[in-house]
Amino acid sequence: MENAWLIPLFPLLSFVFLLLFGRKLKEGSAYAGILLTLASLVFSVIVLVERMAAPASYKAEAVWLKIGELELTAGFEVNQLNALMLVIVSLVSFLVHTYSKGYMHGDDRFHVFYAYLGLFTFAMLGLVLSPNLLQTYIFWELVGVGSFLLIGFYYFKNEARAAAKKAFIMTRIGDVGLLIGMILLFWQVGSFEYDEIFAAVEAGSISGTMITLTAILIFIGAVGKSGQFPLHTWLPDAMEGPTPVSALIHAATMVAAGVYLVAATFPLFAASETAMMTVAIIGAFTAIFAASIGLAQTNIKRVLAYSTVSQLGYMMLALGSAGYVAGVFHLMTHAFFKALLFLAAGSVIHALHHKQNIEEMGGLWKKLPLTGPLFLMGTLAISGVPLFSGFFSKDEILIAVWAHGNYFLFILAVIAAFFTAFYMFRLFFMVFTGEARSPLGNVQESPATMTMPMVVLGVLAVVAGYVNTPWFGTFLGDWLVEGNEALGHGHIEGPAWIMIVATLVSLAGIFLAYLMYYKKSLARDWFTSRAPITYSIVRNKYFIDEFYNLSVVYATRSVSLFLRFIELFLVEGLMKLVAGVVSLLGKSGSRFQNGQIQTYGMAAFLGLAVLLLIFALTGGYIG
Amino acid sequence: MSSVPITAFLALALILFCIGLYGALTKRNTIIVLISIELMLNAVNINLVTFSKYGMTPAITGQVFAVFVIAVAAAEVAVGIAILLALYRNRRTVNIDEINTMKH
Amino acid sequence: MNSIYLSLLVLSPLLGIVLLAFMPKTGEKGIKLVGVLATLPATVLALLAYFSYQGGKDLADYGEKVRWMQFGSFGQLDPNLFTVYYELGLDGFSLLMVVLTAVLASLAALASFHIKREWKGYFMLFLLLEIGMLGVFTAQNLILFFLFFEITLIPMFFLIGKWGYFNKEKAAYSFLVYNGLGSAVLLIVIMVLFAKTGTSNIEALKVFLNTEGAQLPTPVSDSVKMGLLIALLIAFGVKLPIFPLHSWMLRVHVEAPPSIVMLHSGVLLKIGAYGLIRFGMGIFPEQFAELAVLIAVLGVVNLLYGAFLAFIQTDFKMVLAYSSISHMGIVLIGLGANNEAGIQGAIFQVVSHGLISALLFFLVSVLYERVHTTNINNLGGLAKGMPLTAGFLLAGAMASLGLPGMSGFVSEFMAFLGLFREMPILAAVGCIGIIMTAVYLLRAVLAITYGRSDRQYAGISDLRSFEWAPVLVLIGLIVLIGVYPAVLSQPLESIVLGLGG
Amino acid sequence: MDLETLLSFEWSLMTPEFIVLIVATLLTLLDLFLPKKFNRNHLGWIGLAGILLALVSVFGLIGRDPGSILYDTFRLDSFAKAFKILLLAGSALVFLLAIDYEPKEGRGEYRGEFFYLFLTALLGAMIMSSSGDLITLFVGLELLSISSYILAGLRKTNVKTNESAMKYVINGSISTAILLFGMSYVYGITGTTNLKAMAGMLSTVSDPQHLYLLGLAFFMIFVGLSFKIAAAPFHMWAPDVYEGSPTPVTAFLSVVSKTAGFIIVIRIMLSIFAAVPTGDEGFPMLFALQDYIGFLAGATMIIGNVVALRQRNIKRLFAYSSIAHAGYILVAFTAMSYVMFDSIWFYLLAYLFMGMGAFAVIQLITAKEGSEDISHFAGLYQRSPVLAVTMAIFLLSLAGIPGTAGFIGKLNIFLGALMVNPSHYVLASIMIATTVVSYVYYFGIMTQMFFRPAAGLARAEAAATVQGEVPAARRRLPTGTTAVIIICAAATILFGILPQLAFDFLQSNFNQFIDFMQ
């Protein structure tokens, strides 16, 4: 555990190494990346195991920056939460590294891709290990850059450029919130260390309003990263990046960082009811809002993107409802099955030569014997079908919400679950069943490097749930909250009917999708024809992007133009004025110099006269 | 004789000076300008002599000074006329307001 | 006490000037070589000083003091009265600035390989400029400071006016007039202090003006002090530049040759900050505290004004120019906070922006060499033709927008840390600037490097030979500071503790 | 007075004056009797030798305690010595210029005058500097003026020259008249023309009417004198006269004659009006009227610098610039600080070198180009870099850039203006602001020299240079001018870097000029 700090260094090494020698290695770069991430995976597992054994959390720090008397430290900490995260991140990262070997095959910037992956993994692991807010923020930003670079990997595509820029800027908006929040906290507590902050919160040395304020500011940061409403629009666009990236960053790890942050600072939130409420409401709203958009998308990756947004909303909802364990649990399961879904989608896209529109797909079940079933597993998991991982975690969340008494939010969550089940199976049926709706060319299954990781994730998508179930015990939960009351209980008891409701709802969703897209006994436009406006609104994602373009972007431009006006007329004008006055003086002076001797004499005489006049008027001396 | 008050002399000098100044600054003919300047200098002489006779502390130096002034004034005018002649040779004019090729 | 180390350091470029004076006009290679070599001694000595300081050497040992001139005949009363010494010295802050200057000078000399004509005159002026800059940071009294300060003025005028781009003469003049006015105001301040206290030594002034009942030739009232401080603010506000006084600096950034702009925005602008901290804050602490709010406000205004205007520029150089304004706003923010965090942040920003803008402008010159335009509308997809340049450009932009792990972040962070303590609301407003920085930089840089690439840029060559050195050195330093800020903070400890309310 | 009283005087005090006088007479006679074909330039060298001799003798006298002869009409005090040095050094340089001066139409029959008139003018200036009596002052002044009238008009056949001389004479005479009128009143109140005696008398004046009269006299005298230093309101003659006169004469007017002007200003003002007590606590009149002088100083600086912006003729431009410099020096005079003498002396010294050097270059260029338009400096850097660089040095010094004597001089003046209490903030600000304005035209010339390509005749030459031929500017560089340029450049830099050389000289030899009033 003392060597946990090594874990992020392996990927960093791969980053540097590939930057320097990648050009020579070409595709060989893959091995460097894979091996190094494997190393960090191994270490993380070791750490996790040790962590299981020894309850006490470990922390090591050194002074990083001295400001007068203030000393800012940097170091690393291992506790239950980040031990778990370490494994999730390094595992998914490792799998994605392997997968990409096949997926990115033949790209002339292959090595760059792996370098970027390394950078991102390094940042993400570092983020997880951070013992204080400052360090968190630092890696938080680095993660953002990693994602920025990978989204913009196809730099020559203007869409990619736009998407990358958008992602960076929108997340940065959130980051500023985080920055302000943590600085305010710093001046309250006098330190960025989590434990000291929590101690201060415990001791009640921070005013309630300040807690609420800082908590919400930090949450804004989380909103930005986790693509929560209203800062969610970047995440779907981020699908411009290569699909493995979507799996790694925009499903499993970085977007989960927001949830992780809230979880990591949970005691702070717990201390403020308002903050909790905000988190819960935003979460719930995002969940249903994104799910509803997912209903009408036709791009395979975008559907998944919106479902990610909605699932993250779920997690936020859980945390906001004091369901710490539920949130983290869902974070874990979601990481697995969503990564699986993305990789599977990736393999579909790979097989169809980068076709992404599901309207053009169909009947791939036969052609992709391995991808199909794996995709189905993922779909079942996310839809919360019993015995799949998603089922347990989602169930935990619902219970937590109910137990916390947010009945309205509970209903929203249930509806969201219904939507989820519906659009996921809509996706599944449209892609894999029926007939191909367009010539697909020759389609064959992806190479092993791509399928193997999917298999691993498939297994996890199924079994991951059993670490924390109402039936076989909830040791994940118990372990997570061990020795820290502030996080709440390992398992919240809830009425049994919730589980049944959840199951029914998801099944209903599946059934509806079945009718519409498989049996076709229910016309596809049954709903759309009835409510065309609603449909177009949903299809256009509630026109959020358009709204932003009209408001924020336009406002910025106009401010700039106004300032330019000032620049031209005030600043420059002032300068010109002064210069003009001087030269005018010069002109009049030289005109007075008219070459007439007598004028000169007259000037002297007038000067004398004026002096004498003043002298006479002042009756003598001014001094 | 001494019934004439000092102020009268001073006033005379002042008036003479002003006339001279006026002439020097307004006349077109350079010769007249030079003459006006002579007037101004003579006003000075009157002052000096007056003071040396009727001043609070009469002293001969005033008159000495006056003599110097007269001498110098003569020299000055001589030079002035000489330059004017040179000018006249080249420009065929003594009108002071035409001597303005250099300006601004 | 009296080592000639600093004199050697400051005057070492003179050697180069003399050498060049005797070289034939036409020997391009030789001239360039001598020009670059001549900047090295200073660099070596500066680094030596830095490391031996890290090794525990006392900076006071570098001090030197020689009687220079004495006004009036007050020798009998007091040999020091109205006497000006030639005195150089170092403290943590000036040490950093000297190192920065020396290093940047060497790199800029390398960048000057892009200069096309009359290398002889160019390098002679260049070296003269370096002397001025080094002197400014080592001068221990105001008059000497002013002397070096003005010495930088002349070479700059010629370097801009002769080797600049299209509108060079106009740029040179507005540089001259603005800075002339600035230094004029500065001179008045200096002379008032000198005339009233009889000394121009900075330390002595600190003591005289801040101890009750100090023996002065003529008393200095608080209102006078305030007036002087405001005058200082204007004087250095021109250099920095502060909002309404900045238009000259835009022209310089656009018209001057990039190698000179490296020095200009890397070091010369920083003289403003240096002066404000050294004299404004050092000599008039109380008054400075009173003005803190004003300064912070000015800082935020600079930050936002620059950022928003950079957002709509079409010339990349213009974007960088406005971004300099914006970043100097952060310096002011740090000073306005007027607490340890803020001041240290400001100083960090001074150094880090020096490095970053130098890097960016060097890349600009590399770019201009190949594509002969800096208009972002005509550029695009350069990542194809010159991936390395593009990559470094992106890295530079990231550093400049305050990416953690690079120097920009540390300074920005500390400045805001400081300001949030004193005036949270204002600071919060300032944070908009952080977002805007990202917006305009990405807009510009991505427009140049990403996107469809015109085939006309397909065949262009990437970084080559001498162009590597500046890029690597600068990136290296930027990252070093970002990862291990102690390299800067450690020399500053004493100073930061000394300053600040 | 009989012979032995005459012999009893310490004539040695007048050695420098005698030397100059003798040389002047000598030159006159030689010029009269030497054959026509004899090259009159030798006269110039003789004159130069004489001046240098006089200079040496002044240095010889430095040790002497202040003394006065001829019943206090002639006094040799620190002030006189210090400023005579300036006058002599200035004239020496002028001579070097004059020897090389060759107008288009040739110097024909008046070569001789050209030299000995300089000497008589110099003599007048020297007399002024050490005269203790209004009459001698006046005579000295007129000796200087009349000689310079003739010098200004020496190129008889040249219209411009005639005109400038005419203007000079008339304005000069008017100023003299005004000056004398003022003097006459002072004499009237004191009844004596001896400065020391006057001071004695005036210190007891209390009758308000007399004070009022003195006030009027003060202004008349000041305006009268402002002509000599070319300061407002009597400055307007300067540009025309400078433009029209032969370049050496212009140099003489702007350097030596200006110095003489300041000498007489200080002499009269300080010895007469500093003595007059005013108000209740006997505040000296001069201080009471400071603000008027300050006002004029400000006006002078502004007019000089602002109008100079619009000049195209180089000599005219320098006329305005010299007006401006007169303004700067007046600031020092206004302040009346402890360092007044030092600062004025040093500034005049600096101005001597930078101004003279600049005029030397101008003479060189204009002689070659045959025109005085600024544009003829274009591309000078290509044609002869050295010349361009030295000119740049002079310009920088005039603009008061650090590292040159001009800067130290300005520094000194500032110090004076600000160290007195109440400080002259306004005046100092005007001074510095106008200095910045002056950057524009000084650097304008540099722009021509360094940035602009050469035009016309010059271009051909530049081309020649490119082909490696020796350009005219470097070909047959006239000895005198070259010497002046070198000396001036060296001195400008030297006193800019090590002003203490001059300061030490002042402080150790002249003991703060305390013997001025005794």
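Per-chain residue numbering starts at 1, and chain names A, B, C and D are given in the order in which the chains are listed.
Following the convention adopted for this analysis, contacts are C-beta pairs under 8 Å (C-beta built on N, C-alpha and C of every residue); 3 or more make two chains touch, one makes a residue touch a chain.
In UniProt terms, the chains line up like this: A = NADH:ubiquinone oxidoreductase subunit L; B = NADH-quinone oxidoreductase subunit K; C = NADH:ubiquinone oxidoreductase subunit M; D = NADH-quinone oxidoreductase subunit N.
Computed from a prediction, not measured in an experiment: that's the story for all the values here.
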Innermost chain, taking as reference the mean of every protein Cα atom displayed: C
Selected interface, A-B versus B-D, where C-beta contact pairs are more numerous: B-D
Approximate Å spacing (C-alpha centroids) for the pair chain B, chain D: 26
Euclidean distance of C-alpha centroids - chain A vs chain B, Å: 97
Between chain D and chain C, distance of the C-alpha-averaged centres to the nearest whole Å: 43
Inter-centroid spacing, chain C versus chain B (mean Cα positions, whole Å): 65
Multi-partner residues of chain D (each touching 2 or more other chains): 166-167, 170, 174, 178, 239-240, 310
Residue numbers of chain B (touch at least two other chains): 21, 24, 33, 96, 99-104
Chain A: positions in contact with at least two other chains: 590, 593, 595, 597, 601
Set of all touching chain pairs, with the criterion as stated earlier: A-B, A-C, A-D, B-D, C-D
Touch list for chain D against partner chain A, complex: 166-167, 170-171, 174-175, 178, 211-212, 215-216, 219-220, 223, 226-227, 232-234, 236-237, 239-240, 278-279, 283, 285, 287-292, 296, 302-303, 306-311, 437
Residue numbers on chain A that touch chain C, as the complex places them: 64-70, 137-139, 141-142, 145, 152, 155-156, 158, 160-161, 164-165, 168-169, 172-173, 176, 179-180, 183-184, 186-187, 556-557, 559-561, 563-564, 567, 570-572, 574-575
Complex contacts: residues of chain A adjacent to chain D: 582-583, 585-587, 589-590, 592-593, 595, 597, 599-601, 603-604, 606-608, 611-612, 614-615, 620-623
Contact footprint of chain A on chain B as seen in their complex: 21, 24-26, 33, 96-97, 99-104
Chain A - residues contacting chain B, complex: 590-591, 593-598, 601-602, 605
